[in-house]
C-alpha cells in the first residue's frame, strides 16, 4: 500500500498547489491557460488508458473530445438545454462514439488501428468544414447544422457569472480542476485494479489473454467507453468554458500537442500524462515569442523524446530511481 | 456514356496519383515495418521544390522534376539518418517511429510555411489543354499524370524484381536476419528504401499540386488516401497498393459523382472499414497463425 | 450407435470428444479427420514429428483457431465454434510452446489476472482484487514454487520459471482439462524432474491432462495413453509401452535408436 | 599444427540479465568437420549467432582466418566467407526457390562462378532443380531445409555452419540430409554442425564439443565420444 499512499500524497499536493494558483496569480490569462491545461490533462490521462495501458494505438481521442464539445453546444443551441445537463449528455454521446470506434478497431492490429482512427477523425473534420447547408437562417446569416468552418457559438455558458460576478472564471477554473481530479482518480482506480490488469494482459499477449478467459471484445469496448466518458466531458466543459466550438479541435497541431504531452510525460505511466501536460503547456507558453515556429518546436520535441527518452520523463525517472535503489541496497 | 468516361478518366487520374504516393509508403512499411507519417510533408516539399526551381530560378521543367526527386530522396535519407537508424533496435519501434515521423512531418510542414507562406500558389509544372476521348474533353494534365504514374509503377516493379538492390530489398522485407546472413547490409538497404520512397513522394507532390494548388498542408489529404490504399491492400504489399490505388481512385470519383464531393472520402472510409472487418489484414494481406 | 450407447452406459462419459476434426491451411491439411476421446482424470500424451499438426490441434480445441470441419465436445457441450474465452470458462486451460506470458505484469499479477477472469466471466471485475482471489493466487504461487518471484516482471523470468508460471496461470482458472504444449522442451534433466514433481501435485486433484511432447521419455513415463500424429493423421493410439514396437511409429518418427531408448526408459532393469 | 580457420576464445553471451553462454572456446581447422552437441536450449544456436555476428558477444574474442572479427556484424562476416545456415530455415518465403538460391550468392558478382555453384547445388540437391520456380512458402518441410542448405552453399564460403539441419524432419528425410552432410565433408569443405542427436553427429565428426547449460562440458573426437557412454548419459539424459 506504500505505492498507493505515495500516489495519494502526490495527488493531494498537486491539487493544493492548483487550488492556490488563482489566489496567488489572479491574472485572467493565467487562469484561462490553467483551465485549458486541466482540460488537456483530462484528455491525455484518458487517452493514456487506451494508448499506454491498453496499448491500442487509437488517434481518435480528439474526435471523441469533439463529440462531447459539439453535442453540448448543439443541445444548448438547438434544444435550449442548460449546459449543466448538456455536459453529461455530451459525455454519454462521446461514450457511444467511443464504443463505435472500439468496435471498428476490434479485429485490427497496431498500425491499422492508428490509420483507421486517424482517418475517422479526418472524415468527421471534413464533413464539418464542408458543411454549408443552412440549418438556421436569420435575416443576416445562415448557419449550418454543425457550424461549418466557423463553428458554433451562443449556446450559453455555465451561468457562474450570476453567482460570482467577475470571478466566474475562477468558478470555471475550479470546475475544471474538479473534473481533472475526478478523471485522474477514476483512471488510477482503473489502472491499479482488475480492469487495468485485463487491459495490460490483452496488450502484452492477446492470444494468451483470451485463453485465460479475458474477452477482448468486452474489455476493448470497455476501455474505449471509459476513456471516452471523461474525454467527452472534457470536451463538453471546453465548449462551456470558451462558449464556442470549432473544427480547430480536429487540427493536427492540437493532436500533436496532446501526443507530445503523453510522450514527454511517459506513455502508460500514472503521473506521466499530468507531468507531460504541464511541461508541454509551460514550454508552449515560453515559445509564445516565437509563435511562428511553435509547430516546428513541438514536432522536433516529440521526435527527440521518442528517439532519446522513449519512456518519457516519469518512466525514465522511475527507472533511474529503481536502479539507484537497486545499487544502494 | 459521357459521364461514364468522365468518371473513369478522373478515377484513373486520382488512382495513378494515389498509387505513386502509396507505393512509397508500402515499400517503407514492407521493408521496415514503419509507417512514415512525414510522407505527406515530403510530398509537399517535392511540389514546392519544383515550384521554386521553375518559378524563382527560371529553370526548365525537367529541372523541376529533378529537384522534386532529389529533395524527396534527401528528406527520406535524412529521416533514416536522424530517426530510424537510432530507433531500429529499440523496443516498440512501430509505435515510436509513427510518433516521431508525425512530429517531423509537422515540423517540416512548418518549415514550408515559413519558406513559402500560407497562401496557395499555382504549380508551374503543369500542362494545359485537353483532348477529346469519346466526345469528352479530358485535360492533358490528367493524361500526363496517368502516364507518369504508370511509368513509375513499371519502374518500381522493374527495380524490385530485376535488380540486385531490388532483390536485397525484397529479401530484407521477408526476413531481415536471413538477409544479413546473405551479406546484405540491411541498414544501407533501409536508407535506400527511404530515399526511393521520398523520391516517389516528391514526384507525387508535383502531380497533386498540378491538379489543385501548392499549399503547406497539401500533403495531408493525399497521404491519408495513400494510407487508406495501403490498409486496403494490406500494409507493405507494393503490388497490392498499385491495384488498390487505381480501384480506390475509381470508387472515389464514382462516389463524388453520385453523392457529391463532400462524401467522397466518407464513402471511401466506410468501404475501408467494411473491408477491414471482412479481412483485417487487407485484401492482399496474409493472415498468419501466431504461435504463442 | 447402439454399441456406443452401451459403452457410455458402462463407463463414465468422456470429458473431451474430438470427432472427425480437420483443419486446412489452403490445400494443406494440418489436422486430417482426427478423432479421439479423453476421460476425466486421464493423461493423454501426443507425439509426432514437427509439423505433424499437434499445436494446430491444440489451437483448434482451445478456440484460437477454427476447425475446418468436425466437432469438439467438452463435458457434453459443443465447443467447436466457441472463442478461447468461453472455452477457458468451460474448463479447458492450456500452455503454449513459446512460453507465453504477460511480460510487463509481475508474476503475481499474471496469476491474478487469470484467477479473476479465467474461472468465470465477471460481469464487472470491480476495482479491487477480492480476498478469495488473493487466496487462490497465493496457493498457485505456492504450488508452482514461484512465491519468491511474486513481484518480478514475467519478462525477466528464466525459461523454467516461465513454464511454471504458465502452468500456474492455467491451474488457477480451475480447469477440468489441462493441455500442455511441449512443457519440458529446453529444460535440463533436473528442471524436467522439478516440472514432473509439480505435475504430480496437480494430478492429485483429478484433472485430465493432454500433453504434447518431443522428449519421448517424458511422454511415455507420464501418459496413460499415447497418440502419435503424422501429417495431421493419427498413426498410433494406445498404451505407451507398445509404442516402441509399432513399426510405423519407429519408421516415421522415432528411428531405431530412440525406440531402444524408450524401451529402456519404460523398463529401467533391462539393458539398453 | 597450423593456425585454426576459426577460433572462438572465452566468449560470453546472453539476453537481458541471463548468460546463455559462459566462457566458450572452440577451434575449427581448415577442412575439418566439427560438431557442437548438447540438449535443446543450452546455447548451441546462440553460439552460432555469436560467431556469425547476428548476436553481439558479451566478452571474449573471435578470430577468423587470422583476423580479429569480434563484434563484426553479420553482413561483414558473410563478406569474409563465413556462412551460417540458421535454424528454422529462415527462407525468403515470397521468393522462388531459384531466387532464394541466388540470394545466397548475393555477394558474388561473377556470373560464371554463380552458374558453377548453382550446378553444384543442383547436383547435390536435385530436388531444387525441379522446384526452381516454386515459391518457398509452398514447399514441404524437407524441401525447405534443402533450400536453406543450398542457399548456404551458394555463398561458396570458407566455413559453413549448419544449425540442426535435421530438426523436425521425418527420419527418412533426415537420412537424406545426412547424406548431403557426408558429401560436403568428403568434398573437403570446412563445416560446423550443431546437432541435438549426438550419435548421428559422432559418426561424421573430426571433433565434437558438448555444450551443457551454456558452458563447454566436454570435447574430443567422434570415436572418443562413442567410447564414453557415461558422457552421453549424464548430459543427454540417456
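Chains: A, B, C and D, in written order; residue numbering restarts at 1 for each.
What we mean here is this: a residue touches a chain if its C-beta (ideal position, glycine included) is under 8 Å from a C-beta of that chain, and two chains touch if they have at least 3 such contacts.
Predicted, not measured: the structure shown is a model, and the values here were computed from it.
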Query = Which chain pair has the highest count of C-beta pairs that touch?
reply = A-B
Query = Using C-alpha centroids, which chain lies at the maximum separation from chain A?
reply = D
Remark   = Taking each chain's centre as the mean of its CA atoms, chain A sits from chain C at a distance in Å of 45
Note = Per the C-alpha means, the centres of chain B and chain C lie apart by a whole-Å value of 48
Query = Between chain A and chain B, what is the gap in Å from one C-alpha centre to the other?
reply = 31
Ask   = At what distance in angstrom does the C-alpha mean of chain D lie from that of chain A?
value = 54
Message = Using the touch definition from the top, which residues of chain C touch two or more other chains?
response = 64, 96, 100
Inquiry  = At least two partner chains per residue is the criterion; list those residues in chain B.
reply    = 292
Inquiry  = Where in chain A do residues touch at least two different other chains?
reply    = 205, 207-208
Query = If you look only at chain D, which of its residues touch chain B in the complex?
reply = 52-54, 73-75, 78-79, 83-84, 86, 90-95, 99, 102-104, 106-107, 151, 155
Key: Touching residues (chain side chain B, partner chain D) in the complex   = 164, 167-168, 170-171, 174-175, 177-186
In the complex, chain D residues that touch chain C = 16-18, 39-42, 141, 167-172, 174, 199, 213, 237-238
Inquiry  = Per the contact definition, I'd like the list of chain C residues that touch chain A in the complex.
reply    = 62-64, 83-85, 87-89, 93-94, 96, 100-105, 109-110, 112-114, 116-122, 125-129, 169-170, 173
Task = Please give the residue numbers of chain A that touch chain B in the complex, ascending.
result = 57, 104, 107-112, 114-116, 118-120, 122-123, 126-127, 130-131, 205, 207-208, 252-253, 256, 259-260, 263, 292-296, 298-303, 306-307, 310
